[in-house]
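These notes concern the structure reproduced below.
A, B, C, D, E and F label the chains in the order they appear, each numbered from 1.
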């Protein structure tokens, strides 16, 4: 019954999300030996001003 | 001092959120024996293209 | 398909968790109008040295 | 390699986020003895109707 | 710079985690078009008494 | 009413946590202009086999 939360910068297409979700579910169900219908995935999209590394917002990096 | 995070599909009314929050706070404070004013709840609303089960985005289901 | 994450201080009994889970699931499914079997709940227990308010760890409060 | 998630009410300026991120990264890298470039921070902004305390939504408090 | 949080029931081997991590990182970096070294994954293991579905703790299901 | 979740590798002392919590609370309350008693912080400690970067578990890195 794995629950996966994926945090990424906004701007991906539905097609990218679709492939990502399919691929992650396959990997999880194969390696953990669980049914794909028990795999739940939450995607959270971040604005570039809401993600930071090294003390700097992504919106401030060129 | 419980902190609760609730992830749900978008589209609920304020009235639904109000009742949900009130009910969850009551249950938590009664069963955990803590004061309601220490119960904090975060609601996160997801677009249907940002939640998946069984490798399929909710926006792709019928 | 709500997913709920509950963060609480450790030390609760199974009986308390059982009642809490049952009550929260009932409230969520009634107020959001969704089937109880779609309600998933994750409980995370924190040591008192891993939760803080007002700049002070709970393990330091008497 | 600390990962920090900060949940706050919406309405802060970029300048406030910039200072917050810089300050938190400095504190974390100094107290945990890790390189600032390994500190990742996610900011999540909540609408006032999506945060509650004491069973009441923030949008309902005057 | 995706950050992935995976919540699963405890009891998996290091070998399973290793394969899961490798597979998820490959899928994410290919579908999102990002470098694998920017993919960070947090695994959280739950006791069966800390995960519930349909109002019932997993430790209570036979 | 900010809520902060900090994920870090296990092995830090109480003294380090105490300083980290104090420093983060000061930064948050100053930059966001909120009272320190509204700042809540959750610390989550990860085993090295439960954190990964670049497709590799930290327990596997030398």
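Methods note: a contact is a pair of C-beta atoms (placed from the backbone, for glycine too) under 8 Å apart; a residue touches a chain by one contact, two chains touch by 3 or more.
Predicted model only: the values in this text are computed from it and were never measured.
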| item | value |
| --- | --- |
| Neighbouring chains common to subunit E and subunit F, by label | C, D |
| Chain pair among A-E, D-F or E-F whose interface repeats that of A-B, sharing over half of the contact pairs by residue number | E-F |
| Copy-to-copy rotation for subunit D and subunit F - C-alpha atoms, rounded to a multiple of 5° | 180 |
| Geometric centre distance via CA averages, subunit E-subunit D, whole Å | 24 |
| Cα-centroid distance, subunit A relative to subunit F, in whole angstrom | 21 |
| Distance between chain centroids, defined by C-alpha means - subunit B, subunit C (Å) | 12 |
| Of all residues in subunit A, the ones touching two or more other chains | 1, 3, 7, 26, 40, 42, 44, 51, 53 |
| Arrangement of touching chains [line / ring / star / complete / other] | other |
| Subunit B-touching residues of subunit A, taken from the complex the two chains share | 14, 17-18, 21-22, 25-26, 36-37, 39-45 |
| Of subunit B, residues touching subunit F in the complex | 1, 3, 40, 42 |
| Of all residues in subunit E, those that touch subunit A in their complex | 1-9, 12, 16, 19-20, 23-24, 26-28, 30-33, 51, 53, 58 |
| Sites on subunit E touched by subunit C in the complex | 7, 44, 46, 49-57, 59-60 |
